[in-house]
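In what comes next, chain A is part of two complexes: it sits with chain B in the first one and with chain C in the second one.
Then we have the complex of A and B:
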């Protein structure tokens, strides 16, 4: 389907239309930080946010999520019927991250006894969602999506692709759900040939602003080859294992499970966790397979660029650059990747 | 779609203390309703997550055999907060159970083969499951040899059953303790050394190894030296685990998760993984 245009003045009406069926989320400001918040009108949207401080992952995989409640009578499944979720203004990197997470939570892991373990909490929210991406016309200096198969105007994981073209949004529906919502809206008009040409120009301008991509092909094999090399203690030397990179990462999916309550009444909750913490793998016996900081940093890098791609054929990183922004000791993942690729050439 | 995070309720039917220090206890759990019992199908080597609501969940290998349909058996070492609370359970108490989880020992491939079982300490749980399973269709398998080691005579689990297995003429059952104590007439020495002494033939033999990491680490090379090919050595691994269904990202070794790709791995598979035992 061709592009349609939404006059920015009509965004509020469009959000209202969406609200009839969906809970709508969009970038907003909380305590000075940008994150995705539930909105009812366009006034609440923060249009200056680029890559939001917090990614939209938490909408579908909340920082703390109740799995079930329990009391003397047993276990009660947590309420899992929400209104479907629509997200306005999701950057390409974040939309892609949800596709990556969906392989872990949503895809059927087939066990040899034919059981498959899908995550009902994730599926209920993500499968029914409607995602409006927003193209990046001015990538940040920390952006490196183009190293990892993405790009500022990448459309993966979106139901509707949206380009900010000055006074109007140009919208391209990508999925059946996207086409349906576009067809049913009264706020849209057909885009002109000029509009479409502008969208193409904005895309190529944005791409030219990106740093030259690093060739990450074969990175997984390279990482396996240097698994036992001393490079890991060099890379991790300044890491303080604070976990900021993992908590700011839209693709990190590790969680802990905790029971919260008193006596026989309470909830079982899953909570975001981090492989940077020693307790993550600490066993009751006291044995810890990843006792050293270098082993934990290696795990994070290996998971993203070797293990996950081995299982799913794509790196578990979108190049959003948040870990680069938040690291208190400037441990820049891009430098790490460059170093790993260069190091391998010295060794082998 | 069934919610894989919700535990089934099970009742403690029988508790047996395995050692004089009372750190090892065996629990037989029964299903509260017949349909859940019918739906629960498993094979030796699989595990379950046992829940104490309000405290948490921990994974335990299933020690009963599918050929013992009346209960699920688990042996629990008191070591952390969940296992501590499990040790306070009494007959009739209700616990949560999720499972069966993970893969299993290659019982189908073992048919028509000799089987060597090497175990250490309280890791003998899924090996008991396997042994009972093999003995319950004894004619499907050739020679069965078991080497089971513990630090001292008190720390063997299933002592009564060991006594009966030792008397059977269709199993070769060797027990060993680390250091000789008064009155001990069986073998003495670490499991890898005793495995070297017993020197089971690798011909048409499948080897199954389960025990503490240090035992596994030094036993695997002994088997290789004896001539076992990597494809016929299997071991069962453990890591700290939470979800048990491949989501929480915790129990990986390399690109494999112990909970869904294991816990049973062949040596051939392990050799492809950089992060090993």
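Then we have the complex of A and C:
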């Protein structure tokens, strides 16, 4: 389907239309930080954010999600909203991160009984969602999506691709759901050939602003080959093993399950966890197979660029650059990848 | 620049004379606003050392982290006034052997707080930062502006009265001396003047931002328990959701665990990805410790930390009511 135009002054009406069927989320400011918040009007949207400080992952995979509740009468489903979710203003890197997570939570894990595991909590939210991506016209210096198969105008994981073209948004529906919502809206007009040419120009301008990509081909095999080599203690030397990188990562998805109960009632909660913490792998015996900082740093890198791609054919990193921005010791993942690729294996 | 050159020469000399096995300092980072820690074992690498407004990390943290990578080594370390207090505190707490550390003091004029810089640039990305002393130049796509140094300094630096290392082996450059700072307690006094419900509301608003990444704990040289209470699950002392009561318990317990041990370096606050005002309560407790026990953490290498000292004449009104 061709592109359509949304006059920016009509964004509020468009959000209202969406709100009839969906709970709408968009970038907004909470305590000075940009994150995805529920919005009812366009006034609440923060339009200045490039990559938001916090990713949209938490909408579909909350930091603490109640799985079920129990009391004397038995076990109950958690009381949550079943309204479908629409997200406005999701950057290409973030839309791709959800595709990556969907492989894990959605359907892809082949269990030993040949069934595919499906996480109902994730599926209900993600499968029914409607995602409006927004192209990056001005990527940041920390962005490296082009190293990892993405790009500032990448369309993966979006139902509708949106380009900010000055006074208007140019929208290109990509999925059936996207086409349906575009057809049913009264806020849109057809885009002109000039509009489409502008969208192409903005894309090539944005791409020219990106740093030259690092060739990450063969990274997984390289990582497997250097698993036991001393490079890991060199890389991790300055890491203080906090969880800032994992908790700012749109693709990190490891979790812990805990029971929070008092007396005869309580709930089971799924909580974001981090492979940087010693307790993540602590065994009941008291033995910790990843006791060292270097082993934990290695695990994070291996999971992203070796284990996950081995299972799903793509790195578990979108190059959003958030971990680069938040690391308190400036342990830059881009530098780590360059170092690993340049590293000469020692013959053992 | 002279300070940096002298620092590099000092490191080369220490390594050449085999007085140290390695030196820990700062080098230029991958981002304009962040220097990054570097561990130097050969003289050539010393030319990578920098010292400017971006050197916010308290490097003393590497003495106490779980890897103990400095164990059995003679270590040289660059120290600002606050960092030196951390080293001294760790010496007093028997985590570091004084004989195994060579402290190189550097004259500190304060380190930056990223959030204040971004407030200056209206959130626009900083692509270049030039530390010109009293003024700092910030450049990005389509803008260049200069800021008074004081406007972008970390809150810990604005309340600092000991910018120089009080304990050191070598001092590079000119010490600044004690800085009179009449307004240093302003923020604490304002907090104290609040009603209980106002205090609760403002504290709650801060801790509600917490995502429990523990960056504050992990960059803190005074936080070095083998197993932190939050990392224990048998028994579990604390819930692990981002419920603010759990977050608040974490922060208040950490606050009390570093009572009389916090050197007010501000590393926790600068490390926080959610911009929580972490220093206020730490500074309030430090002020109480000074008032009641006359102790300033890590200032005096011949002193006794407040937590292991008892004097009959110290204030006991909090016990007696």
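In this section, the second predicted complex is superposed on the first by the 335 of 348 C-alpha atoms of A that agree within 3 Å, B and C clash if a C-alpha of one lies under 4 Å from a C-alpha of the other, contacts with A are read in each partner's own complex, and residues count from 1 in each chain.
Assume contacts are C-beta pairs under 8 Å (C-beta built on N, C-alpha and C of every residue); 3 or more make two chains touch, one makes a residue touch a chain.
Computed from a predicted model, the values in this text were never measured in an experiment.
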On chain A, do chain B and chain C fit together or clash when superposed? fit
So, A:237: does it touch chain B (first), chain C (second), both, or neither? second
Identify the partner contact of A:247: answer first if only chain B is touched, second if only chain C is, both if each is, neither if none is. second
Let me test your reading of the model: by the given contact rule, A:289 touches which partner, first (chain B), second (chain C), both or neither? first
Please work out whether A:329 is in contact with chain B alone, chain C alone, both, or neither, and reply first, second, both or neither. second
Figure out whether A:258 sits in contact with chain B (first) or chain C (second), or with both, or with neither. both
In the overlaid three-chain picture, which partner chain does A:271 touch, first (chain B) or second (chain C), both, or neither? second
Which angle, in steps of 10°, is spanned at chain A by chain B and chain C when each chain is reduced to its C-alpha centre? 90
Using only CA atoms and the superposition described at the top, report the least gap between chain B and chain C in Å. 5
Residues of chain A at both interfaces, chain B in one complex, chain C in the other: 256, 258, 282
Which of the residues in chain A come into contact with chain B in the complex? 67-68, 70, 74-75, 77, 104-105, 109, 111-113, 117-120, 123, 224, 227-228, 252-259, 261-264, 266, 268, 270, 273, 275, 280-285, 287, 289, 299, 302-303, 306-308, 310-311
Looking at the complex, which residues from chain A come into contact with chain C? 31-33, 48, 50, 53, 63-64, 138, 140-142, 233, 236-238, 240-244, 246-248, 256, 258, 260, 269, 271, 274, 277-279, 282, 291-294, 324-326, 328-332, 334-335
Residues of chain B touching chain A in the complex: 1, 3-7, 9, 41-43, 53-58, 79-80, 83, 94, 96, 100, 102-104, 213, 238-240, 242-243, 245-250, 252-255, 260, 274-275
Could you pull out which chain C residues touch chain A in their complex? 29-31, 34-39, 57, 61-62, 65-67, 69, 115, 123, 125, 127, 141, 205, 208-209, 211-215, 217-219, 227, 231-233, 236, 239-243, 267, 270-271, 273-275
